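I have a structure here, written as structure tokens, and I will follow up with some questions on it.
Going in written order, the chains are labelled A, B, C and D, and every chain counts its residues from 1.
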Amino acid sequence: MTLTGVFAPLPTPFHANGELDTRRFRDALARWISTPLAGFVVLGSNGEAVFLDEEETDRAIATARESVPRGRPLIVGTGRESTRATIRATKRAGDLGADFVLVRTPGFFKSQMTNDAFVRHYSAVADASPVPVLLYNFTAVTGVNLLPAAVARLAAHPNIVGMKESGGDIAQIGDLVSGTPERFAVLAGTTSTFYAALCVGCVGGVLAPACVVPDVCVRLFELTRAGRHDEARALQAGLVPLARLLGPVYGVPGLKAALKLAGYDVGDPRSPLAPVSEEAVAALRQAIAQLEQTTVVSKQS
Amino acid sequence: MTLTGVFAPLPTPFHANGELDTRRFRDALARWISTPLAGFVVLGSNGEAVFLDEEETDRAIATARESVPRGRPLIVGTGRESTRATIRATKRAGDLGADFVLVRTPGFFKSQMTNDAFVRHYSAVADASPVPVLLYNFTAVTGVNLLPAAVARLAAHPNIVGMKESGGDIAQIGDLVSGTPERFAVLAGTTSTFYAALCVGCVGGVLAPACVVPDVCVRLFELTRAGRHDEARALQAGLVPLARLLGPVYGVPGLKAALKLAGYDVGDPRSPLAPVSEEAVAALRQAIAQLEQTTVVSKQS
Amino acid sequence: MTLTGVFAPLPTPFHANGELDTRRFRDALARWISTPLAGFVVLGSNGEAVFLDEEETDRAIATARESVPRGRPLIVGTGRESTRATIRATKRAGDLGADFVLVRTPGFFKSQMTNDAFVRHYSAVADASPVPVLLYNFTAVTGVNLLPAAVARLAAHPNIVGMKESGGDIAQIGDLVSGTPERFAVLAGTTSTFYAALCVGCVGGVLAPACVVPDVCVRLFELTRAGRHDEARALQAGLVPLARLLGPVYGVPGLKAALKLAGYDVGDPRSPLAPVSEEAVAALRQAIAQLEQTTVVSKQS
Amino acid sequence: MTLTGVFAPLPTPFHANGELDTRRFRDALARWISTPLAGFVVLGSNGEAVFLDEEETDRAIATARESVPRGRPLIVGTGRESTRATIRATKRAGDLGADFVLVRTPGFFKSQMTNDAFVRHYSAVADASPVPVLLYNFTAVTGVNLLPAAVARLAAHPNIVGMKESGGDIAQIGDLVSGTPERFAVLAGTTSTFYAALCVGCVGGVLAPACVVPDVCVRLFELTRAGRHDEARALQAGLVPLARLLGPVYGVPGLKAALKLAGYDVGDPRSPLAPVSEEAVAALRQAIAQLEQTTVVSKQS
């Protein structure tokens, strides 16, 4: 199973009463599966995984596994703060049918998270995991940085097959690519630098906008792969405004609001997150409309 | 029950096999209780709470409650990322005998943690809590800042009675004190600025070194309270080197190592944390010895 | 000549046409000298020194020297990016009658400004200076940090007699005090932590609000010195809103606007700075009025 | 005159006694001119411009102008903290034959440097400048960020023809390109992201390594322009180690040491900078050797 192309980091739908809503999830999955997306990440940051207990976690994975056809990568976020909890979550995800696990760096005790600590943690997880492991660095959220030097060491582990780098530092992404073997897949996690990340060697991306406008994201990937750089650059520029709203500006609440606009019924985020304001909805609506226009023009030319 | 004086943020002992070790915890508690400390925090940051599952959490609280005599505040950390999980943990802690709960800010979705989001979160928790609530701001760990403007609003809630501010920004602590009513207890969480924090109006502190050298920390508090500023300042300066080793430098692994040196048997931290190096142990030993010397001299003079 | 008490970092008046206005400066100096301020800093950050050429610099110093009576410290900012330019400016300031020079850290080549580089720079300046040297650390402006370890080394130089620490990190100020001999004067540069800085051992401060409300600042110093901590703390809290407006919020343009409100005619700042908005003037007016009320109440009680 | 390709930010040679050494500069210029570099920047950050007085500045410009043939862009750094000093330096540079001026953002009064302040400053400079103006953003040095929104406004000025963006934030560079008209030249200032910056629309770069290994830098530019992305990416990766040593690690002292290794005689930096250590020289030597090997291999394949 290949880790190339555009993956969507799926949100987790909740009922109005706050409970996990597997029915809504199943319905939304049916639609995502009909898009040209390469695969799916469940229980990542955008999946509000930190808000779910372990039992809910299992139900969410099982629901996704029933929906996502074999052969299309189902990646499951299983990072926890302790190594033992991460291993337990990883094993359960494997048992429930995950194709890969995506393991976010522990980050609570920031000053202690040296390269050695990361290598120890990930090696133990990879040793115990029944499925291939993807590293996951998201410094803006965790406050720690999984450096290329640590990744280069971890890439030698036979059960560590790639990583998601959610930072937009293209120099660091370049180091990750040049410091790891060909078989190690570096996936980009920041949409506003996706094109540049592909240029410096990423083989794909896990992009929040891919949940909302999967065709646009896939087209950006394909244009770049085909060496049609001018078109790719223009599409990248067109995607930036929506990407910012779904990322740093409105985050998960923005993603869920944008999905409602796009006809997906994924409910509201759990508290302390709250639904976005009417102004935010208007900004999202405009960004989507503008992007659709850009894309139409780009396809016609 | 008053929230004045020096509180110790207790570590959680583990077996060599990584399991929670309630026997070791009970033995250590017996000794901490014999010191002049005002009270105790369990399952705070130093208690590796993020590494415990909910069942272990309950056992740790029950163990502490059996040991800590009524009348001496037992404060229990119950912060989780979601409001619902925080409420559940808070209710359970109350049922298990906590006198107060200490609720760290959620911080995963940093960009969404506005003043309004914090007010919403803490108000819901305080509404549901069977015991008085303490806010808990630890920006270095969470990456978010619970600002004085939000605290001023929350201090009006009848079930929110104080806060622990773990940052060393004395201007911010001054704002917290001047922006809240007299009855609202502001506790300092940084040892290297403890004396200054008391000067600007903190009524006490939750200090990692208080686990290791409780007498010194209590004496610093009492000297300041008694207006003996020159002595307090000198003792504060003497405490700084150990405080730095137990805080930013070696963190929880350093605290556990220092406790071993002081005759407490609290085991090692859970992975990805690891026991500190021999060099670190030597540095801790020296800092403790130096501090004891300072204190002896200070008491004689 | 002693470096104790409250010093005002004087702004440099300009004509409406942007030229240095020594007449306005003389008039304002006459008034500042009539206050109980301990002494004066000219050509510091608040003096827009970075906007003056060397000839203007000399005229500003000469003007101040004519006005400030001998026996009342006149401190002149002479920091430049290169050691040679700093030495030249320092010598000229000494020739023009400066009692002390205040030498801001070079900071352009940030990554190269190690402790050793700072020690080399300041030692060369102090060797060459005809008058005693004050170190000057202002990390928010320079982006570099003159650490206590470097200061401890420099404090051994016979011609380095103190420093201005403009950061509000009270732990760092504590380290500066405890790491230097008694004769080495540590002056605070942040008003919002002035009381705390005095508590941990500063012997005075260089405070922008001292230009506008010298009596209040001097009273805060004296209350603290007299051990009247409750009153000092209350006055400190009352001073914070104005201090913030004159510091991080409106900076030098705010200081010049506040001085106009207080009846000083110091003109506008040089471009790219610009006069503050009407809203800013209103906010400054309110902060000054509020502070005066606080002070009256405090004096009556 | 076109602003396309690789430009070298030339260091300023000094005598052993610290004086400006125009003879050494002339000799070094003769060699740089013989390379395929598109043009030259004098008195930029790497030129230690902040260490020169105005008279030295003029001599350095005149020396460069005598050497650099007409038709090959000579860009002169003229940024000062005040608008008036910047205008004066700009006019003098124009009189001395600069083809373009490169105007670094003022950054001393950081909190006041809003978009409006930058627009005001640069508009006044461009109005007064006898030659076309390039904006210059170098946040790591200045601590302020000239945002794409301000640049978009300034790009409408007929005498502002481009900018140097020294940050490595590729998303920001993408915004600069997409937010300005075709005629506005965006030049990259960070070597480790040069290839990516070209991908997102930069038309060239001002790169410290171009002083030392001009052929490699020019080849990287040409490979990218020719759409030979795999070769460009490989060469970029090979260039990174040297680029880091000349940038964040050893800065200007490292650049001058590397130039000595490459046979250029440019003397030592001015104090407080100091010549690099022997270890640094060894690291530079190795990085240059390694890069030459990479390049040979790359040319053969």
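Observations, loosely collected:
FYI, a contact is a pair of C-beta atoms (placed from the backbone, for glycine too) under 8 Å apart; a residue touches a chain by one contact, two chains touch by 3 or more.
Worth saying up front: this structure is predicted, and the values here are computed from it rather than measured.
With each centre defined as the average position of its C-alpha atoms, the distance from chain C to chain D rounds to 35 Å.
The centroid of the Cα atoms in chain B and the matching centroid in chain D are 50 Å apart. In chain A, no position touches at least two other chains.
Shown here, the protein chains touch around one cycle, each chain meeting exactly two partners. Pairwise chain contacts in this structure: A-B, A-D, B-C, C-D.
Within the complex formed with chain C, the chain B residues making contact are 168-171, 174-175, 177-178, 190, 192-193, 195-196, 199-201, 227, 229, 233, 236-237, 240.
Against chain B, the residues of chain A that register as touching in their complex are 18, 45, 50-51, 53, 81-85, 106, 108-113, 117-118, 120-121, 124, 140-141, 143, 248-253, 270-274.
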